[in-house]
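In the two complexes below, subunit A is the common chain; its partner is subunit B in one and subunit C in the other.
The block that comes next holds the complex of A and B.
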């Protein structure tokens, strides 16, 4: 048992209102620079839709992630042989046009234009060439377009769906969409780290944040190919790759990353999870159906005395273990089993979990084409949802419909229970039956309700401080820094030669 | 006189600049060491340019290296005329491949506005020096046959004498102009490595073959007792 601590996240998709505040918060802090204008370390997509970069989920195009080989996994499009072979030209790399050409507007023209008969306008100009362009795509141009030919029809998740289900999703009465905020998953089995020929990308041992050492990056571009979520970006100006740093300066101070902090819908939860690093390889190489189950088995119970002892042995701080015990992520993912990883079939073991959306599953259209909401039961059965289970299964459980159904039934049980409690307009047996079906008692349902709907700031973000002060003491003896000029200036003030 | 400058002064200057400059740049300006790939802005034409160019150049570089390090083996190989012709034709083929690749790369860079935005003066210099090098190389290979036959007996002793710090330029001074240009531009190229994107020759990721795929860095190791640097070397962070 090799217990380590990992920063993990939960996004509650039912609560996401698709406002893009997270993306803007991130952009303002990290990627508002030359060469990084096109990067959205955090972005919000509409599902069904093609996403950003276009069709990123299709690994037949981009060759990201891992593939199972025997009892282990191999990188699909990179690695020691394929990567080095593709050094001079990487055949599976997305290019600028797969994302979009970033642009701005000539605002100064509004003030400086010469007097004339026409109103001055602010024309769009490319942020790369500075030429006038007509923007044809952007990072969120599929926003809310769940029925569109261009975006929704080309969603990669339809590939494994039956044609009937596919057709049904595009009937006007059954159309539905939900938002999918995405960011770096800080995976347990990161493909970007494994693909980097220069060894610039690494996972931080203390909290599991995956970072790129900008001084060691040599622009071999293999991380861009290898990351199946396309969350490693190439900065065309500096010639270095960049990715989400999980706002580590904030994290180390015990504060939530900017995207989490700014979330308007309060859908985001972040905290630590303790996991057993010895189980990673076996879990990554599971069969498709067991991927979610085996990944969740890596995370261990932070209340187990054995786990606590092993964690302390590995140098995990008291405060981190305490946070792991209070972790909202642990509750959603392990205790309640409500959150699932996005595309577990990429086998990177992502640490960002999603509570699948229940809203579009509530009502459905009957044969006459009118909405059915109250006939059988108060909200209709999960199986008869507008959004086919196979679609959600393709997103969150590597195609395993049972997994997703179990989660949705639990969510539904909580909803029925609370409706019976607060409004009381549905028979109590229905609520108790639903709870019994999901093997859940009333207290648990209330807990889920509370952490979902009424969580306080400190309940959503339970982050241990990184104890930098101790880290510095561990790295550098206090005797060495004695007489120096303090933080950030390590050279002793010695008279020059 | 100019022979002294070009065949003694220049090579030593180039090697000193290479050593001092690239170490200085690597240590102090790590952020600026990159292959500066432009594939992100244009990918399709890069394929037809970059691959033939790099493979051609790599083969030619190692060909020259072999002729310098093992001259007797090369002479022995060439003792049968058919083998000589095969070697020359193959090498010439790689030369053509490098030339065609480079020409496509230059056209590509001039054609796309996006690429001009990431083109610097040093890139222009890189193109000029590479073009000079490849064109004179092809000229020499075609008109002054057979290079692999005279290189081991004329240029290897000269290069060896440079490395032994006892330069002997008698043979080199008598060579035709095209070969002289080829040699001089090679030394210029070597000397300019620290100042151009040529730096990426020196950071080829060999270490990738020898490391495990996953890479975890611990900022501190609590199990080990830290000691002052002033007494005994303690455990230092690996990523700073």
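The block that comes next holds the complex of A and C.
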């Protein structure tokens, strides 16, 4: 048992309103620089849709992530022979048009244009070439199903779906979408770290944040292709790759990352989880159907005395263990089993978990093709959910429909229970049956409801203290510094000693 | 009167000095530039015997031919063309002589032909290599092939010239093959051309880096041995091999590029969508 601590996150997709506030908060802090204009360390996608960069989920195009080989995993796009073959050109790299060409508008023209017959306009200007351009696409070009014929219909997750199901999803009556905020998953088995030839990317020991050492980066851009989530970006101005740093300066000060802090829908939860590093390889190499189950088995119970002892032996601080015990992430992921990793089939063991959207159907097209608004139950059955189970399974459980169904039934049970509690217009049996089906007692259902709908700030963000004072003590004697700080002079005083 | 006398005297002296020096200059130029290929009354060498040439051709024609025989031949002059054909289509090198110097040379030839000048003993072919040994020849080989540097830093012969010699593997293709040169020109001709070349390119090359007398001698000796030994030399011709090897290497590099770039993702996945969008109007 090799217990380590990892900062992990949960995004509750039922609460996401797709406002992009998280993206803007991140952009203002981190990527509002030359060479980083096109980067969105945090972005919000509409699903179904091709996302940003386009079709990032299709690893036959970008060759990211890992593939299972025997009892272990190999990088899909790297390796000894492939590495030499692609040494000089990295064949699967996304090009700028896969992201988009960043642009701004020539605003000053609105004020400074000479008087003429026409209204002055602010023409779009490329932020890369400085020339006038006509924007061809943007980071959320397909927002809210815009251009769905071009984008949503080409969603990579339809690959394993029958043409009939595919067609049915785009019928007006069934049409639906949900948002998918994405950021670096700070994976347990990060492909970017494994692919970096310079050894510039590392996973921080104390909290598992994955960072790129800007001094060591040599612009190989292997991380850009290797990351299956395409969350490592190449800065064309500095010649270095960059990625989400999980606002580690904020984390070390005990604050939530900017995207979490600014979230309007309060969908984001962040905290620490304890995991057993010995199980990583076996979990990453499990069969598709067991991927989620085996990944969740890596995270251990922070109340188990054996775990606590092993954690302390590994130098994990008491306060970190306490945070792990209060962790909302642990509750969503392990205790309640409501949150699932995004695309576990990439085998990177991501630490960002999503509570899938329920998207219940209130009406649907019946067999005669007419519009059916009545349903036997209040929210309709999970099976009749507007998004086909196979679609959600493709996103969150490597195609395992049962895993998705279990989670959605639990979410539905909580809703039915709360409806029965607060409004009382449902038959008693309907709520209790649902709870029984999901093997859930009323207290758990209430806890889920509380942490979902009424969480306090400190319940959403349980961030372990970084204990910088201990880090400083390792570098210098604090007794030497004591008495040396405080008031000083820029110019020495004339009087005095 | 006295003034006029003085003036006439000065003029007379001037004319005498001028004409005699002219004759001297003509002889000097002839020895320097012409003697490698021409004689006056000594018979044919590489070029024709020039005895009485001034009676046969007009000074203008001769001047034009000396300054640029090629231009004259190309202009379609029948006499020039027939000479060119008669002498194995070997072009006479262009001589860097202005009108005055041409006249001086022609004057000298006329004088030498009629035997009025004391110095006008027609140059005869002399063998400069009477004392040449095998050491000189092997030294000449080293100098020719560039294995030994020329004392004044000039370029080795092999940079431009080739010879038929098994010991020399790969040689220059910019200038003439020198295997038969000795046969045509003799030792005097060869050493004259090496030491003081009439060919513009060669003259420029060695103007700042002249060869030493010893080097000239050894190279001449080497060229003689090349000419004599040519029937026993069977140099391997690599040109076809090189061509095949070159094509092979080109194809292998080309295919390796194709292999390396196979399945390269070169355009955006949205390329088709972007192509269909209306063109940029700016």
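Just so it is clear, the second predicted complex is superposed on the first by the 453 of 497 C-alpha atoms of A that agree within 3 Å, B and C clash if a C-alpha of one lies under 4 Å from a C-alpha of the other, contacts with A are read in each partner's own complex, and residues count from 1 in each chain.
The definition used in the following text is that a residue touches a chain if its C-beta (ideal position, glycine included) is under 8 Å from a C-beta of that chain, and two chains touch if they have at least 3 such contacts.
Bear in mind that the values here come from a model prediction, so they are computed numbers and not experimental data.
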item: Contacts of A:451 with subunit B and subunit C, given as first, second, both or neither; value: neither
item: First (subunit B), second (subunit C), both or neither touched by A:259; value: neither
item: Touching partner for A:25 - first (subunit B), second (subunit C), both, neither; value: neither
item: Contacts of A:206 with subunit B and subunit C, given as first, second, both or neither; value: first
item: Which superposed partner A:358 touches (first subunit B, second subunit C, both, neither); value: neither
item: Subunit B versus subunit C, judged by how many residues of subunit A each one touches; value: B
item: Contacts of A:91 with subunit B and subunit C, given as first, second, both or neither; value: both
item: Set intersection of subunit A contacts, subunit C complex versus subunit B complex; value: 88-89, 91, 93, 95-96
item: In the complex, subunit A residues that touch subunit B; value: 75, 79-80, 83-84, 87-91, 93, 95-96, 128-131, 189-190, 193-194, 196-199, 201-206, 213-221, 234, 236-240, 315, 470-471, 473-477, 479-480
item: Touch list for subunit C against partner subunit A, complex; value: 259-271, 273-274, 277-278, 280-282
item: Complex interface listing, subunit B residues touching subunit A; value: 30-31, 33-43, 46-47, 50-51, 53-55, 113-114, 116-118, 200, 203, 205, 207-209, 211, 213-223, 226-231, 234-237, 239
item: Residues of subunit A that touch subunit C when the two form their complex; value: 50, 54-55, 58, 61-62, 85-86, 88-89, 91-98, 123, 132-134, 136-137, 150
